[in-house]
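Presented below is the structure to which this report refers.
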Amino acid sequence: MTRAVLQTAVVGATGYVGFELTRLLLRHPRLKPPLLLTRESNGNSTAQLADIFPQLAGNGSHPLEPFSWSKLHAKGVDLLFLATPHEISRAWIPEAVRRGLRVIDLSAAWRLRSPAHRAAYGFTDPDPAAAEFVAARAVYGLPELVRDRLPEAQLVANPGCYPTSVILALAPLLRAGLVELERGIVCDAKSGVSGAGKQPTAETHFVEVADNFRAYSVFTHRHTGEILEQLGLEPAQLIFTTHLLPIPRGLLSTLYLHLRRPLAACDLEQCWRDFYCDCPFVRVFSPPRLPEIQFSLNTNFCDLGLALDAEGSRLVVVSSLDNLLKGAAGQAVQNMNLLYGWDEREGLA
Amino acid sequence: MTRAVLQTAVVGATGYVGFELTRLLLRHPRLKPPLLLTRESNGNSTAQLADIFPQLAGNGSHPLEPFSWSKLHAKGVDLLFLATPHEISRAWIPEAVRRGLRVIDLSAAWRLRSPAHRAAYGFTDPDPAAAEFVAARAVYGLPELVRDRLPEAQLVANPGCYPTSVILALAPLLRAGLVELERGIVCDAKSGVSGAGKQPTAETHFVEVADNFRAYSVFTHRHTGEILEQLGLEPAQLIFTTHLLPIPRGLLSTLYLHLRRPLAACDLEQCWRDFYCDCPFVRVFSPPRLPEIQFSLNTNFCDLGLALDAEGSRLVVVSSLDNLLKGAAGQAVQNMNLLYGWDEREGLA
Amino acid sequence: MTRAVLQTAVVGATGYVGFELTRLLLRHPRLKPPLLLTRESNGNSTAQLADIFPQLAGNGSHPLEPFSWSKLHAKGVDLLFLATPHEISRAWIPEAVRRGLRVIDLSAAWRLRSPAHRAAYGFTDPDPAAAEFVAARAVYGLPELVRDRLPEAQLVANPGCYPTSVILALAPLLRAGLVELERGIVCDAKSGVSGAGKQPTAETHFVEVADNFRAYSVFTHRHTGEILEQLGLEPAQLIFTTHLLPIPRGLLSTLYLHLRRPLAACDLEQCWRDFYCDCPFVRVFSPPRLPEIQFSLNTNFCDLGLALDAEGSRLVVVSSLDNLLKGAAGQAVQNMNLLYGWDEREGLA
Amino acid sequence: MTRAVLQTAVVGATGYVGFELTRLLLRHPRLKPPLLLTRESNGNSTAQLADIFPQLAGNGSHPLEPFSWSKLHAKGVDLLFLATPHEISRAWIPEAVRRGLRVIDLSAAWRLRSPAHRAAYGFTDPDPAAAEFVAARAVYGLPELVRDRLPEAQLVANPGCYPTSVILALAPLLRAGLVELERGIVCDAKSGVSGAGKQPTAETHFVEVADNFRAYSVFTHRHTGEILEQLGLEPAQLIFTTHLLPIPRGLLSTLYLHLRRPLAACDLEQCWRDFYCDCPFVRVFSPPRLPEIQFSLNTNFCDLGLALDAEGSRLVVVSSLDNLLKGAAGQAVQNMNLLYGWDEREGLA
């Protein structure tokens, strides 16, 4: 019988991603209840996560406690999840690594190797050498691409939601050399509002979002660097544009590319199927079926589909996932499963 | 030919109600372009309303200027609209009245006569005598009920959105003595999110509102006083409950009451039709047709419909309107039309 | 270790309720994969449920097969779920009972005992005696009220979504004699669109529903009979009104009632807590927290909350649930668990 | 004073486009009330448009009458609007032209010259010569491009909603020779659900659309031909993909193209401004402001905005409009104004 063994902790359980993560961890068969930590050292000692997310009511007590390193130690935490702002993750993780903790970071703090891409976040590392030491050990945790490296990893940089959808769609085609990169790739991506976080802003006000749709961060979205770096592309080879959908969650990327030589749709489908044959969380749809946001909502799947023009040379790819699950918390759990050598699907099916 | 004659000013054009009001005033055939004033004395002198509401782009220049009494005087403002927080309206209007301006106030500052009801707002009047002087001259501007008093009014307290829907539904039935008040009236009201204002809050975050529905302010909503006072009801005779709909605008009240003696649906319909025979903005639907929020959206109509039980004794009334128009800005324009003796429908059809 | 033991079958898996039910059955630890049956005898023998609900893709094969009694027998089906139109359930179930099958019927066919209430459905039973025989054995499957009778039941009439929310809210208060029935109870209920079924109609067209809200079936909703019958109320004691919310799923009822004597909110809360102390799927919220539709979405919970006026005499109750789960498919699984003596929560947590 | 002069007729007022058109015609200052005609010859002679669209209640009588040519003649109809299926428009218009009527057709029946593009609609003309005669006189009614030809036109083929947004965005850039056509243009377009028409289908069911987003008709959308033909592009030069947004109305196209030589954003903005200097219904936004669907909702504007990469060579254009107004009924009224030499904005501001 499955027995709870691992003690985890979550910092940031009161955000959308942190809450989804906590829900997954609470029902994961190999875990003790996670320690839920807040960044406020003077936190209310009687606060419960269910006070903030009454969805959780009726499932026992889930106290929120102020974070401290000593508490992690005292409670025997093995694995630390950070669902924190980039700056916090950047600042805290060197210490966590020093203390020998394993960490899955859901921010962008440690995703990028190239200083040029990382510059978009404006991190200032007080101890650059320590930061470099940590960065060198971070694994970009897209499990379908780095499964083998995860069991050894101490720090997993959990990918962004948009990059997950784009990289999973393109990696097999690029590695097979099918794409005419000189023609450039266009990625027109759209996401639900939870991707913008829980902090109320003018941009997330219901009246501004409902019955609306808009592009944002055109040519400047910080996820661009992740995509380029992981796919080995030059900036000139990709236009990545993001839009805000009037829905709470879900993400869909429409990708446009030219093939180096004419192919049949079934060849492309097979390229994906071969690449992902051991990947339970990538679903390949056969033409003419295309992914829709509803299909993967509340799941950890990334769904892929395609349409090809009559000449077999211009390709439209659709990639969709739940931005809070495969795009964040679900992927983090998948990474945890692989860190510890468990079945990738534990707690996610 | 219609000629622009009146100079108006709007304070608060950058909120949802103020913006709707400004749009109406801009196309009203009897008005010069309204002066748009902000409460910030150090406002950016080059700001344009279209910077905040690009909906307005392409319709000329609409500068936002810092408010001052001298500016009102210099520009020859006759009529001042305040789409400001309650406290601001409470503080500013005595001065406006002293200066001889006519004022239509869209806040709740001057709607209530009874100190008990007014207490819900917690106003503190520095000069209570002046406040009392002003309050005594304020007309509760529900045009269908007070049309005759409006031409003389200097200060119009524009009604709340919920009270407009409830009072218009009930006044004819109550005045005709049809309602068994001892049994009590239940009002289950629902509103879109723009009623909560433009300030981003946790309650107006898209992810919290979408796919959701909730009751709020049960037994404590501040609009209760308006309804009781205007209808001459005792607190024990009405339960008024409000809910938040996952839509940007629109409001619907479902009312439950008992009749003093059995009636036919057509009698009740006729009671409304007689009462509102000269009222272009109240639409009475014949059973079984009931108002829906879509029907009055983007209009100044309040729609009324009813269903009666088989015994003719229990009555369900549905009343619906656009909370930003008949529930706020449209009604303010209707009041203006009546203040100046114009056709009620000018600029509203 | 839990072992799959029971063979179930579902008729109607291609509707919203049937699909939710199938998803639950597929992951239930005590079940073999359910047989999925269509009413069309000439069904496409290669059809898969995932063709209709691609949400299910990547989870194995789920063939849809034409229904026949012999197939049920050949496959060793113990328990038959009918997610079929009322008329079909009414016609088929006498035969199922005769064949010794246990049945959980998600339609309204066998919920009502009183011919007066049942008349609203217009059933014509070709063999009235057989129908009467079956009706007498049907248990109205609201598990919180009939838990003891379920282990013996052969036929469970799974309750309607609205009645579940209303009966669970009121039963404890009524049984405790707290409600002034002479004053009457008002139930103002609101549901998402999936309650209307999957068949496209003018009423379910996106453009007609979005940005809208409307009352429907005022005084004539067929769920009224269920509520009255289960609560032992007279028609004059309840007004039940339903509205359509512009959301896909979720249901919230706002109930208005008078207490026989003044009480404190905590007394009422305690009344519920005592009544439901052994009921894992009813959550009682402490004032001032009220249920919201989001809280119980995608769960089998029914959430209860209340607000009391200052005099302690007028009570507003809010009851909310997911119409497809606790209001239909989840409750059916809960009933199955109790039929077979399993933990109520199996496959539902 | 403006005086009503023209008698129009509308066939298809009960659809979404036809209804919007009728609302515009009813308040147009130069028109008599339009004759509202249904295709059903045995129509109910007492039907009113307000029975179908209660939005119209309280605005007088708007009877729906069965269509006949003799009725058009008897009523002195000058201008016929067809908001009918493509096949109906294709079949009826030769007769209308023969009878000397002016016609604005809102279907796609007469928009395309190239037989290759037209083949997508599968029209079969019983009298090909007559069809050719009519087609030769049809003007593709995008007023910003053909203003001069409209006063002479007898038949206006009102453009599709997607093509309007795309052609208005691209025509100035293409005519100025700024676009590297060899690199291809990508158009990723998104529309609200009213574009799919009022007929209930699985695709327009609220539960299928809400919380969802999907691509459709990839490489096969019939609007492609209009865009290619009007812009003089080869099929290989454009990928046009459409998506369904979970909103009732509004349309936004995101366009990706390469410039032939590096430019500044202000040069491109100026190119648009010069081209549309006399066009009241095209609004050019200055970077970094981009159009959003809300901005043009319920207006006849097409909004244009752009973002340029750092090298000045890759361009993203955003074009947005209300699919029922500038994308259909509003544009039809604009065309009518130009047909009769009136101010383009009459009845539209």
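Which chain is which? They are A, B, C and D, in the order written, and residues in each are numbered from 1.
One rule holds for everything that comes next: contacts are C-beta pairs under 8 Å (C-beta built on N, C-alpha and C of every residue); 3 or more make two chains touch, one makes a residue touch a chain.
Every value quoted in this text rests on a predicted model; they were computed, and no experiment measured them.
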- Which other chains touch chain A while also touching chain C? B, D
- Of B-C and C-D, the pair with more C-beta contacts is B-C
- Note on the structure: In terms of mean CA position, the chain most removed from chain C is D
- Using mean CA coordinates as chain centres, what's the chain B-chain C distance in Å? 41
- Inter-centroid spacing, chain D versus chain C (mean Cα positions, whole Å): 46
- Message: Show the residues in chain C shared as contacts by 2 or more other chains, in ascending order.
- Response: 210-211, 246-248, 292, 294, 297
- Provide the residue numbers of chain C that touch chain A in the complex, in ascending order. 1, 27, 54-55, 57-58, 211, 280, 283, 285, 289, 292, 294-299, 301, 303, 349
- Over in the complex, which chain D residues touch chain C? Could you list them? 16, 193-194, 198, 200-202, 204-207, 209-211, 246-249
- For chain C, which residues count as touching chain B in their complex? 183-184, 186, 188, 190, 208, 210-216, 218-219, 236, 239, 241, 243, 245-248, 250, 252, 254, 256, 258, 290-294, 297, 307-311, 314, 316, 318
